[in-house]
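Two complexes come next, and they have one chain in common, chain A, joined by chain B in the first and chain C in the second.
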Partner chain A sequence: MLSNKSKRTMTIFLFLAPALLFLVIFLAYPFVINIIDSFFKSDGFLQSEYIGLDNYRRLFKDPTIGTAVKNTYEIMFYVCLFEVGIALILAILVDNIKKGQHFFRTVYFFPIVISATAIGMMFKLFYAYDIGLLNSFMTMLGLEKQVWVTAESAVKMVAIPIVWQYVGFYFIILLTAIKQIPRDLYESAYLEGINGFTKTIYITLPLIKGVIITCLVYAINGVMKIFDLVLILTEGGPLNQSMVLGLYMYKKAFADNAFGYAATISLLIIVLGLATITIVSKVFKREQITY
Partner chain B sequence: MNKISKVMALLVVLTFVTGVFAGCAGEKEDVETPAATEKQIDDNTTKEAEPVTLRISTMFGGTDPSTQVFEEQLVAFEELHPHVTIKNESMTSVGDEYRTKVKTDFATGNEADITFFYNGADVQGIINSDKVISYDEINEKYPEVGKDITDGVKDSVREEDGKLYMMPLTGFYEGLFVNEAIFEQYGLELPTTWENLITAIDVLKENDIVPFAGPIAQSHYMIEHFVLSQAGAEGHKDVLAGDEPSADWVAAFNNIKDLYEKEAFAKDALTMDIEMAQNLFIQEKAAMILEGSWFIGRCEDELKDKMTVIPMATASDKMDPTSIIGGFSSGYYVSKSSYEDPAKQQAVIDLVSFLTSAEAIKDHAAVNGGSPAAKVVVEGLHPLFVEGHAMVANANTLNMPIDSRLTPEAFNILVKDGIPFIVEGRKNPEEVLKATKEKNER
Partner chain C sequence: MSKKKKIGIERKSFNIGMLFTYIVLYAFSITTIYPLIWVGQNSFKTSNDLIESSFTLPTSFMWDNFKNAITKINIFQGYANSLIISGTVVIVVIFFSALAAYILARFEFKGNKIIRSFILASMLVPVFATILPVFKILANVGLIDTHVGVILPQIAGNIPFAVILLTSFMETVPNELEEAAKVEGANVWKIFSKIFVPITKPALATSAIFTFLWSYNDLFTSLIIIRNPEKFPVNRLLTEISSQYGTDYGLLCAVIILIIGPVLSVYMIGQKQIVEGMTAGAVKG
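Coming up: the complex of A and B.
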């Protein structure tokens, strides 16, 4: 006969088992296969040949990898600064208005429901030289048309729709966090003579610091997976100057049929993602604040 | 309470496990219908009456000019064979997605019963894996399959092992499409020679017309035409044959660079894709475009009236001025597993026979402008189609595109990591060709 404690443990285990099984089948198993694939020259379909560490040697010599890593971190910087930053400012502003909060919530959240592919296509049409919206404005203003996506500007032009799409997501998370702060904290602070700006600096921001860090972790994690929007918008060009790791992996796998090398790139993405998130978590140590 | 929890947990686990295995097995069950299979083996007479579902995958989807014709053909076939239901998995061939879909399907055993796909390097892995059946074998039992397609065409698409795996519908050609009206407006001669081409570029540029709608980042057609015009038919075939990069290929890439520096392309040519380049020509903002015969289907009649198609201007005396890129590069493949499935065999044969009949080929040729693989007279064609067919008939050599002789990765080095960098002066043709050769050999 099992003790009550053992029965309870078994019940809990049975409840946890489906999710565990799911993770093993759809995450752990493909991950292991991916590691194995990285030692093969494979077209991903019907031909495969063991080549040892060749794919890893190639990874370190490949100039496009360097560009993709640089671009990925550059976009990460823009995302952390502007995506989370703008979302924070908007959340603080919206929290301070009495009417129209629902309106702003809906409007700012709206881009999230549009697929990255559609946003990529939309911005492609904004930037297009001949028929683009931006150049239509330039012509209306009597100015000369511009080539908006150049080798120098490509990564910034790609970062704009990425930031625009997800501002609303972090806005909602941060606004919800701000709403959790007890109002009486603000009321007593007002009695002490605090104003709107100092209220934000000394009360709001410290109390939602944990949520801001969570947003940053999500944002960093998201950047590592970006590929669809860049694929539609620039295909990583011109001259690979807007190439990001996720897209490069996709192109190596599905355009070049170099699945072994693509598997190696995906391992690099995982390693860089884990390293970055670990560093971020260490830099912004979470403090448990209770109120 | 404890018992209820345990029962619930067990139910959750069972549901999940059943769900996973049912999910994995679901599609197979739908396709094989084992009961029906056994019955059909035993009773041949009821074969046609048994319902059967066939999957077909083609490039006749999206904006392809043949999409409507193909869909109508499927409807007509289903009306003639009410027991056959067809799942049309067609999609556009623009980009690499279609290639990937077909190769993934074959690699995972999820291939369609009939697949319209490329020949040459693209299909080699599929043939080597014994996933498609040759028409030589099919014809032993069903000699009527593909009977309308001419022997010459069939022989031209036989693979290295001498077998015929693909039944083509229409051959393609590529050429320089020119807006003759614009050329006439500025008193320009057609760009049949390099000198005429350069003169035209200078004049058109001065008049704010984009001379060449050329997408540098997707320069597939430009690469093969510039190489052909410089290296001629033999040099074009010699994909990186020698130890050192071919001087003709280097010169051909430098020709693209020269035109880029002369601003022969649109200002955003470096980021432009093929569709944007086509639109530039269709909107008559550009005067020339290197395209395939299928491009005619995208143009309105009003524009077709102003257009002509000619071989690429000769850049050296190695190029025969009539030579063009063209041939038969795609056709219907029959999956071996479907052919060997007694429940499907007859339906597959009926469908592929229907789709490769002279009538079906004629319908495709009427809309995509390609040369029909069967001896048919395509009536009512716009004169531009006729001009294209005449160009093919007059060509001393028909040359298959370069990508049919290179691995996808090697060819993409030319397209993605080659031409854009060469025109911007960041790489020279020699290093691009060396990298391409190295990747093609690995």
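Coming up: the complex of A and C.
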């Protein structure tokens, strides 16, 4: 006979075990192994040889890593500015209207559900030279057709679909935050003669500051995970000019069979992500104290 | 009196501002809707018609691109594979996550907080940081090039979000219901299945829809694990097509429509739940 207490412990264990088992086997354990692997030279995964910090030295000398890191931060800049920025403007505007809120919520949000694969293919068509949507517009306006994805423009052309896809996501989060602001705050401000644009600057924005920072953190986190869109749209080209870290890791692992080096790149992705998020949260916190 | 007057003034200036607001909002909605319409109308044209004009509506509905897509690749097989993979992932994720969430939300015990933080942290780990060792594990047990090999890591990847979302819903279930059932002698399983599952149905549905979308849209895992085209899910199958027939634009448009068709239908059906669930999950996370 089991005592009540051990029965309870048993239930807790049995209910939690399946989910936790999956997380340990497929997330936690591989995460640790990945760190260990970064100290080995492995071709494929049959043989491996301990090489200390060689993979890390290679990382610092690799010019493509330099390009990928630079691109990651460039995309991060566009994403924070346009993705979250446009979302904020749209949320403030939608909060002000009486009719059609549901329509805009539905329409702005839907690109989220489309796979990055399909979006990559769509934008490849939009950028295409002979039939692309952009060049069709150029012809319609009587302008010259253009080659849209060049070595100089590649990063921007990759950032556009990312922004396009995620504006709706941040729009929904920010709109929810704005809706949670107590209405009487606006009413008393209105009686004091504060209205329209000033109202937004002095009441709405300070009150949703925390949520805006959360959005920035999500956006930064999202940029570190970019992969399939770039794979389909440009494959990192031309001349590696739109290479991102995830795609480069994938290529090193599965095209060049350099597993150990790929493991090192994936660590770099995590470290950069965490460092950037920490800095962003710190900077905004300090500002909040002076405010 | 004076208040009434002010409101009157407000309404007047409101109209111009409102008009401007609506113009901006509708203009932006065109940027999300029109690209899809463009792809949709061009999926019915030949490449030659397309080069002449990609803006006009198709003059006659030409199904050749869709027929081509279906015969050149076995798209039905692709849908079937997607359904097997995503269906299994959804069922397992929801069942295991609901069990775990019920314990985390309703039982106080040592380690509850630690497990919650562990789950939250595992949501932040990018797939790149785990995929190489996961690939090795799967290779060691002979699961490369199988559906199970894609299903297992996808389950692990989707559990954190589902557990977090479900835990926050199960925490809001009133205590009285549980107490009453206990008094009547119901065991933990009965309380879970007869009270918590029915009450949290909307949250279960939201988690299920999201798990399905993420699993169906995932390219990375299948790209690495599956080699045999007959086992490709839709996404992966169509990626092959787009690299093989990169110049047949009409075909490519049809292919894009075929990939996003199922997710758009899911969105249309569950959009209220999706939009609200996303907010609940995101704000909590």
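One rule holds for everything that comes next: the second predicted complex is superposed on the first by the 256 of 291 C-alpha atoms of A that agree within 3 Å, B and C clash if a C-alpha of one lies under 4 Å from a C-alpha of the other, contacts with A are read in each partner's own complex, and residues count from 1 in each chain.
The criterion applied here is as follows: a residue touches a chain if its C-beta (ideal position, glycine included) is under 8 Å from a C-beta of that chain, and two chains touch if they have at least 3 such contacts.
These figures come from a predicted structure and were not determined experimentally.
Undergrad: Is A:234 touching anything from chain B or chain C once the two structures are fitted on A? First, second, both or neither.
TA: A:234: touches chain B, not chain C.
Undergrad: For A:81, is the partner it touches chain B (first), chain C (second), both, or none of the two (neither)?
TA: neither
Undergrad: Report for A:107: first if it touches chain B alone, second if chain C alone, otherwise both or neither.
TA: second
Undergrad: For A:28, using the defined touch cut-off, is the partner it touches chain B, chain C, both, or neither? Pick first, second, both or neither.
TA: Once the two structures are laid over each other on A, A:28 reaches chain C alone.
Undergrad: Counting only touches as set out at the top, which of chain B and chain C does A:147 meet: first, second, both, neither?
TA: first
Undergrad: Taking the superposition on A as described, I'd like to know which of chain B and chain C A:254 touches: first, second, both or neither.
TA: Both: A:254 reaches chain B and chain C.
Undergrad: Which partner chains sit in contact with A:96 here, chain B, chain C, both or neither? Use first/second/both/neither.
TA: Second partner only, chain C.
Undergrad: With the two complexes superposed on chain A, say which partner A:263 touches: chain B (first), chain C (second), both, or neither.
TA: A:263 contacts chain C only, not chain B.
Undergrad: With both structures fitted on chain A, tell me whether chain B or chain C touches more of chain A's residues.
TA: Ranking chain B and chain C by residues of chain A touched puts C first.
Undergrad: When the two structures are overlaid on chain A, which partner does A:271 contact: first (chain B), second (chain C), both, or neither?
TA: neither
Undergrad: Do any residues of chain A touch both chain B and chain C, and if so, which are they?
TA: The answer is residues 8, 11, 15, 18, 22, 25, 45, 128, 130-131, 254 of chain A.
Undergrad: Tell me, which parts of chain B touch chain A in their complex?
TA: Touch residues, chain B against chain A: 2, 5-6, 9-10, 12-13, 16-17, 20, 96-97, 100, 103-104, 106-107, 125-126, 128-129, 131, 217, 266-268, 270-271, 273, 276, 279-280, 285, 407-409, 412, 416-417, 420-421, 424, 426, 442.
Undergrad: Applying the document's contact rule, which stretches of chain A touch chain C when the two form their complex?
TA: 8-9, 11-12, 15-16, 18-20, 22-23, 25-31, 33-34, 37, 45, 86, 89-90, 93-94, 96-97, 100, 103-118, 121-122, 124-126, 128, 130-133, 136, 140, 164, 168-169, 172-173, 176-177, 190-191, 195-196, 211, 214, 218, 221, 224-225, 227-228, 231-232, 245-246, 249-250, 253-254, 259, 262-263, 265-267, 269-270, 273
Undergrad: In the complex, go through chain C and note every residue touching chain A.
TA: That would be residues 3, 10, 13, 17-18, 21-22, 24-25, 28-29, 31-33, 35, 38-39, 42, 47, 50-51, 53-55, 96-97, 99-100, 102-104, 107, 109, 115, 118-119, 122, 124-137, 139, 152-153, 155-157, 159-160, 163, 188, 192, 213, 216-220, 223-224, 235, 238-239, 242, 249, 252-253, 255-256, 259-260, 263-264, 266-267, 271, 274-275, 278-279, 282-283 of chain C.
Undergrad: Taking the touch rule as given, give the residues of chain A at its contact with chain B in the complex, in rising order.
TA: It comes out as residues 4, 7-8, 10-11, 14-15, 17-18, 21-22, 25, 41, 43-47, 64, 128-131, 145, 147, 149-151, 234-235, 237-240, 251-252, 254-258.
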